[in-house]
Each structure stands twice: as C-alpha cells, then as structure tokens.
Amino acid sequence: MTVPAAPSLVPTLPGAAYTDPGVFAREQERIFERSWTCVALAADLVAPGSFQAVTAGREPVVVVRGRDGRLRAFLNVCRHRGARVCDGTGQARRLQCPYHAWTYSLTGELIAAPNLAAMPDVGREEFGLRPVALREWLGYAWVSLAAQAPSFEDTVQADVVTRLGDLAAIERYGVADLALGKRISYDVPANWKLIVENFMECYHCATIHPELVGVLPEFAEGLAAQYFVGHGAAFAPDAAGFTVDGRAGFERLPGVTEEQDRRYYAITIRPQVFVNLVPDHVIVHRMTPLAPDRTLVDCDWLFAPGVTGVDASVELFHRVNEQDFAACARTQPGMSSRSYRDGGVLVPSEHHIGDFHRWVTDALA
Amino acid sequence: MTVPAAPSLVPTLPGAAYTDPGVFAREQERIFERSWTCVALAADLVAPGSFQAVTAGREPVVVVRGRDGRLRAFLNVCRHRGARVCDGTGQARRLQCPYHAWTYSLTGELIAAPNLAAMPDVGREEFGLRPVALREWLGYAWVSLAAQAPSFEDTVQADVVTRLGDLAAIERYGVADLALGKRISYDVPANWKLIVENFMECYHCATIHPELVGVLPEFAEGLAAQYFVGHGAAFAPDAAGFTVDGRAGFERLPGVTEEQDRRYYAITIRPQVFVNLVPDHVIVHRMTPLAPDRTLVDCDWLFAPGVTGVDASVELFHRVNEQDFAACARTQPGMSSRSYRDGGVLVPSEHHIGDFHRWVTDALA
Amino acid sequence: MTVPAAPSLVPTLPGAAYTDPGVFAREQERIFERSWTCVALAADLVAPGSFQAVTAGREPVVVVRGRDGRLRAFLNVCRHRGARVCDGTGQARRLQCPYHAWTYSLTGELIAAPNLAAMPDVGREEFGLRPVALREWLGYAWVSLAAQAPSFEDTVQADVVTRLGDLAAIERYGVADLALGKRISYDVPANWKLIVENFMECYHCATIHPELVGVLPEFAEGLAAQYFVGHGAAFAPDAAGFTVDGRAGFERLPGVTEEQDRRYYAITIRPQVFVNLVPDHVIVHRMTPLAPDRTLVDCDWLFAPGVTGVDASVELFHRVNEQDFAACARTQPGMSSRSYRDGGVLVPSEHHIGDFHRWVTDALA
C-alpha cells in the first residue's frame, strides 16, 4: 500500500491571462515597468557618449555612456514638447532634441536651448531628462522604471542563485568580457508568458528539438535542466561541442570549471531574460512584449573575443528558437478558446512552472 | 375609395447592428456558437482519418472521419497546454499535438502522451478532446457549439422546407453525391447580415446583375426567387443553360424533376449558408464572420462526378458574387453614418428581410 | 529690483489629449462635426452636376454643383439601404445609387427608384439625401454637420481677422480666382493638434527649416509670423521670390498691396485649415483626422491661372511640410509616455498656443 500520490496534473493560468488587454496592461504596469528589465548590450555602448534608444515596458528610454564611464538611462522624451530625443544607436557629446534643439548633457541636465538665456527661471535640473534606474551586470544594461527600484540582488541575481546555487557559477563565464557573435530578432505571435513557460520545461524537447536532444540526450526524458538546482545537462558522449551537428566548438572560456565543462545550464531571469551557458559561449534572450499576442525576442550569441566561424554554434540554438516560437505561436490561438477558459494542465516535469504562475499572479494582485 | 394600404417602406435594423463590436460578440455567442453552422465539405473528408481544421463561431474546430465512417468534430485545442492539434487538411491514424505529443484517437480519447504511464490518475476520456455536435447533410459537415444543440430538423432543414415546401425538393439534386468543380473564397469588407440581406432580395438585380438577369429575366422585376414558397425563377427562353453567356451547361442531375428543370432556386439557411439549385449544378455559399465589417465567404460549385469544362457555369455566379460583394462593401461604411443611425428602409419586394431582422433580434435578446 | 516676471514656461495639454480614443471621438463630435470644415476646392467642381465625395468629421459627404451654380452638400448615404451614392469625383445629371438605383436630383430630392410609382406614400423630400450646411469662400467648399451651423463670420472669418486685422487683407489675394498648380497629400502619423501647434510656432524654424529661414530670416529668431496681428515675415534681401533656392517666382497677384509684397503671412483657421499667403501664390492645408495618432493633410499650391514652371515654389513648402510632419511624427510617441502625463511646456514665443489649447478644452467641455 502506498500513500496517495500528489495529482499528476496541476492547473495552468486561465486562457484570459494570455489574451485580455487589461491583463496585458497590468503586466506592463506592475511587472515590466517595475522589475529590472534587460534592455541593451553594454558592448554596444563602449565609448563615452554612446547611446541607444530602447523600450522598457511601454516607455521610450535612452541608455547613454557618460564621460565617467558609467551607463545611465533617461526617458527618451524631450521635456519641452515631448519629441523623441535620440534615435537608434549613435554617439554624441550632448543629447539634442531635433525638434527645437533643447540640449541635455550626458547626465541629463538641460544645458542649452534657443533663447534659454532669456528664461532665467527655467531650472537646468528641473527640466532635465527624467532619469531611469540602471544597473550594468553580465555585460548588459538593466533598467527599472519603478519609483523605487527593487533590489537587484533580491530579484535578478536571486533568480540566478535559485537556479545555479550561487552567483560565482555564472560569473566564471565572464559574460561581460565576451563579444557579440550574432544577434537574431524574432517577432513571435504569442504572449510573453507562453515563451517563458516553453523555456522553463523540456517535456516538449523530444517532440520538437531533435538537434538539441542529439547534443543533450537527457532532454529526451522531458526534464529541463532548470528543474534541478545547480544541474547542467551533460553533452552526449559523441558530441564534440554545443553545435548543430555535434562538431567541435571553441576553447572553454577561461573561468569555466571542470564541473561546468560539457554541460548546458539554462536560467530564467524574470520577467524577460533567459541565459544559456555552455563552455565556449553564452546565449542571452531578451523579450519585449508588444501586445497580448505578440512578443519581440532578441537573442544574442556571445563568444570569446576574436573567435570566428560561429555558424554551427549559432545554428543549433537558432533552430531551437524557431522550433520553440512556432510551438508558442500555435498555442496562442487556443488561449481564446472555450476549451482553455479554465486553462490547461502541467505534467509533473512542468510543475515548477506553477511557481512562475504564482509569481505573475502575485505581481498583478 | 380603397382601404389604407400597408406602408410601402418598413424599417431595417439600425446602423449600429452592423458596426458595434458588442453586437458582433453577442452574435458570435448567441447565433454562430449555438446554431448549426456548415463548416466543411464532406467530400474533402472521405477516408478514415481524414481531418480538416476549421473555425466555428470564434472556436478552432477539427472535423475528422472515424474508422466507422462517421464524421466527428472536436475543439482543436490540446487539453495539455492548449496548442492547436491539427493544421489544415490531412489524414492521420491518430491526432497528435505537435507540441508535447499528447495523442488522441479519432474518437477524441487521450490515448498516449510522454510519461503517461507514470500518470495513472489521468483519465483518458476526462482529458480527451472536447467534442462538438456534428451532422452530415447535403454533403457537408454541420456543427453546433451549443451545450445542447438545437434540433437540426427545426432549424437547418426547416429553413429549406420554408423555402421549397418540402425536403424532397432539395434531396432530388443528390447534393451529397456531387463533386467539387470549383471553390472560390471571397474576403468581403462588410457585415455578414448585409450579405444575407443582399442574397434575400432581387430589387438590386436589374441594377447590378446584367448576366444573371439575362438568364433569369423575371429577376429584372425585382422579386427574388425566395420571395415565394416553392417558386423557382425560369430560365430565359433563349438561355440553353445557367452559364455566363447562356450557352448549354450539362445534363440534368438524375433526380431533378421536370418542374425543377430550367429553373433556379435560392435558399437561405440561417445563419450562414446559401444554397443555389439549377438543373445541372449546385452552388453553396458558406460565411465565416471575422469582424463587424469583415466576412469570409467560401463558395463551392458542385457538379455531377466526371463533368469537365465548368468555366462558363462557374463564371456566371462568380460575377454575381463579385457584384453582390462590391455592393455590400459600399454599404458597410454608411452603417456608421448618422444618416443610418435609425436604419434604412425595405421596399415591398424586400419586406421578407424583416423576418430575418426579427430572427436576429430575437436571438440576441 | 524688478517686479516678478511672468513664468517663461506655461503648460501644454496633457499627453492623453493626443492619444485617448475617447478624447478623439469627442473631438470628432464636438469640433469636426460642428465647426465649419474645409472639404473641397471649388475649382474641382465648376460645371453643374460636378460632384466630389469627401469626409467631414466621421461622415461621408458629397459636394455637388447645382444647375443654379450653387454648391450643395449631402450625406453620401442612400436613404434606402445605406450604400454610398457617389464615388470620387465626377459629373452627373442626377445622383444615382449604384446598388438599387434610387436616384436623387442635384438638390437632393428622391426623384426615381425602381417601382417608385407603386409606392405613392413615399415622400420625395422625406426620402431625399440628408442636407449638410455649405459655404463657398476663398475658392473652397466649407461644410458644417451641426444641427444649427455656427456663424461662418464668427468662426472661420473671425480667425482670419484675428490674424490679419481685417478680411480685406486676404481678399486682395483673390484666392477664389487662382488655379491649382500642385496638390500633395501627406499621411502623418501624429495627432491633428500636434500639427496645429507646429504650424502656430516658429521656435523650431531655426532647427528644422533651413530653406524657409533662408527666405524668411526673421524666422530664425523663433517668433512665428502669426504671433503678431497683421505682421508678415519679410523676405530676405537676397531672396528674389518665395522659392526653395530664393530664385524669382511669379508676378505679384493683382490685388496684393505694396505692404503685402515680399512678405509671408500664415493663418490658422480652426480646426483644420492653414492658409499661407505670399505675393505670387497661396498655399492651403486641409487636415482630416483619421485616428488619435494619424492625420491626413492635403496641401494645395494655388497660382494665377496660366502660370507654369511652379516647381521651385512648390518645393519650398513641400520641404517645410516634410520637415514639420517628421517632427510631429517623432513627437506622437512621447505623448503616451509617463514623462508627458502632465504635458510639456510652451516657451514665451509659443505662449499663444495656449489659446488654441483653451479653445479645444472649451469645445470638449
């Protein structure tokens, strides 16, 4: 005789969580405009005056490197009449709005404007660009639009610790010193939470990821690497590297330990980042939700500086991305169906997705 | 002296009935997701395991032929995480979701899934695809999403009886034994009710349908065939067939009677089917409302098996369709005008459209 | 010691005024569907029976020249079943709906319809096209959809008087006798009020209008011509004409005075017309708001009849238009930002825009 087992299936969120514009607006307000979100690759912003126009939540933001070497972020909206101050990526000594030439320093103060001398009551700080909290970590700029930014350690870094056991494990990859080998942007017709859920489980791996399972055979069993704290999925004995055909990749990154070698680690940093660690490169996904049923995913492949011939490495996870996003796209329409009104179910190897659902639900409450 | 005549003009529905998203949602819920709607040609689903993914109301549905030869319909949504199970048209021994490989029999039971053996508490029927009521008639699959499907006899078939006098009249055409000669899909920028109203009256025939009036001269008088129970419009003496230029068509279908020969019968089956009967072929329109101002119309031309050279037959009603849908498209914008706030008017030969308006109004009440 | 100066900066409207669909709907109802709006060039409608289908507010309207030479306007919606009666521009003896051939006179009465003789209770006036108030002035047709049209003198003409001091100043240009040299339509992704505000101030001229400032050097100081009653901006001494490169234009229009010569006058006629007067031509902008973030602008360049070789004249303001509309487009997204929740600020040379904001606010109250 055995004690009654826990039920095999536990419920997901209801369908409306993936389709309702009101839910999406609350997610933007309470999740994406409060949490730390990863918005730019620091290596794209090396020189003083380098800037990049990005989106955080629903807000236009500009990230800029100061003369002191620090990254800062501001709402990318002129304080005069609201025009966008900076476009795309560039470099400038000052940030000048192209409409009426209101001009801001790299630290955001209003420093010039036509006839400003005749307006002595206009405060240079009072009418500076509105600042946004910024942290630089893992080679990326992370911003928070919250009035009081949450603790970076208790959120972003805690998600890494929860997954890997400690921060040292990720720091050994020296991500901030890597160079961008490839960036691919995916416009996915699915809710951002479907993409998170997909990344968190490997129950689908045997069905849709033949190349990935070829390199990581334990994924055929349906348990995601991130299901166990500290666990990395072992490469197949016959896989020389984390490549689309198992051919050799590159030298192990300098800090990576023997235990980390020939293993794949996946980390979900809520709400919008996935980090994938393999011995010779790092893959970072960043999501930007555009609508309840549309999410932009920017995927960076980072390698040791000077490395060339990255195609076979990039191709492996590019295929995984295309397979995953196709699955999410075919799931989105079902979210509106009466069949999914009360949601679907999670099998045992997906039960940890329930934690993510609770996190979302709590954030919106 | 005469007694006062009934007024020549009676009111239509108000303009908002054709533009309001709330009305459209109620129509989907109370009309298209309760009534029997015609969603697939049975001849496209002959072999056991043949399936077709379709839309009924706002729901994704899959129609599938069982090993017992019976057609069945299910919500096309996996019970696990909500992915679309079947795409397009195909044939399969089992219905397998391409995301996590949950697998259903042709009768809908969950019969396999990765690790299912380790989940003994998961009921095969409890987690089967959700069934949808289906009837096969006139060579088409008709489905109802209602919790309790309405009587097929009192709705679909009653509309035919109301028009033709009895069911035998339509059964003589042997529609289920005909073969698809041509299918054309029309994406019409107009509310579905404008398309129904257009089909129900012939007051516009003299203005916009020169080819049709050439073959059916009585249509020039503005009275639709469906205005009189049992009446079919007679072909012009010089029309050898129901073709764009009056050339001969094909042999009379075997069951068609002498009284039905050289006549055209039009039948509106609410809410979304039009059937057009002529001696040598049958034309079936099926509508799928996509938005208050957009409707997809699939039109099938059905002929005796083996017939070839159908172009002149198809071209006649294809032109009628294009003429009608252009008229509906130019009517849709006026529905938003203050001029149509209280609706327009029906002339005497259109008064029977008022019955349709009452039917819609009652259904939404 | 000095007395405290007025503050340099005064607030604009809040961001939601430029993005909220509810505000936009109220603007349509209370501004664009009540005010006089300019919808057609009279020179496009010279012969009796000439007609043009246009949009006023959200309404389809047809403007038609009667046999008596008068322009009239009607809702372009058939009284029978709501189809659009007239398309585009054309000429006709009667206005016939292409759906069921209901036919209206050029003065709007229902004069014919199939079987109309059998419907003696149908009133010819009662079922005529619904009339819209129309005034012809400055060579344009202006319409008002108000139940009771406002005084043309107290609104349209008063805006001209406020700017120029009297009506005689504009009448000297003989605008109604000019001929269309060029029309360019711009589809601008910005709220209509951003376009008005842009036109009303010249604080941006030095930044974005190098060609215009080349011809009108005082614009470099940031004060718009329309800032001072009766003031016209003087041409640069080395500018031979109001052309993109300062080359000579054409002969002064016959009525233009010495004081008006070599000067540019800009007039904003609320809510949707800008008139630009220079000695040898007149530029008229007409706006049609399509959505909170989208506005169609039709710009006409009018010259003395018979003039040829207008390219250098047209090119100057075409560049100004493109520069202005690009600025408006880059401003629109900022309207949704939290940075603009309470609006931006107007500098002293923009303070008169506050009057426009008050006018809008009062109109919606």
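For reference, chains read A, B and C in written order, and residue numbers begin at 1 within each chain.
Here is the rule we go by: contacts are C-beta pairs under 8 Å (C-beta built on N, C-alpha and C of every residue); 3 or more make two chains touch, one makes a residue touch a chain.
These numbers were taken from a predicted model, which means no experiment stands behind them.
Matching the C-alpha atoms of subunit A with those of subunit C calls for a turn of 120 degrees, to the nearest 5. At the interface between subunit B and subunit C, two copies of one sequence, fewer than half of the residue numbers in use are shared by both copies. Separation between the centroids of subunit B and subunit C, computed from CA atoms only, is 47 Å.
Of all residues in subunit C, none touches two or more other chains. Note for the complex: subunit C touches subunit A at residues 5, 7-9, 12, 15, 197, 203-204, 206-208, 222, 327, 330-331, 333-340, 344-349. Contact residues on subunit A toward subunit C in their complex (touch as defined above): 58-60, 75-84, 87, 98-101, 113-115, 118-122, 127, 130, 145.
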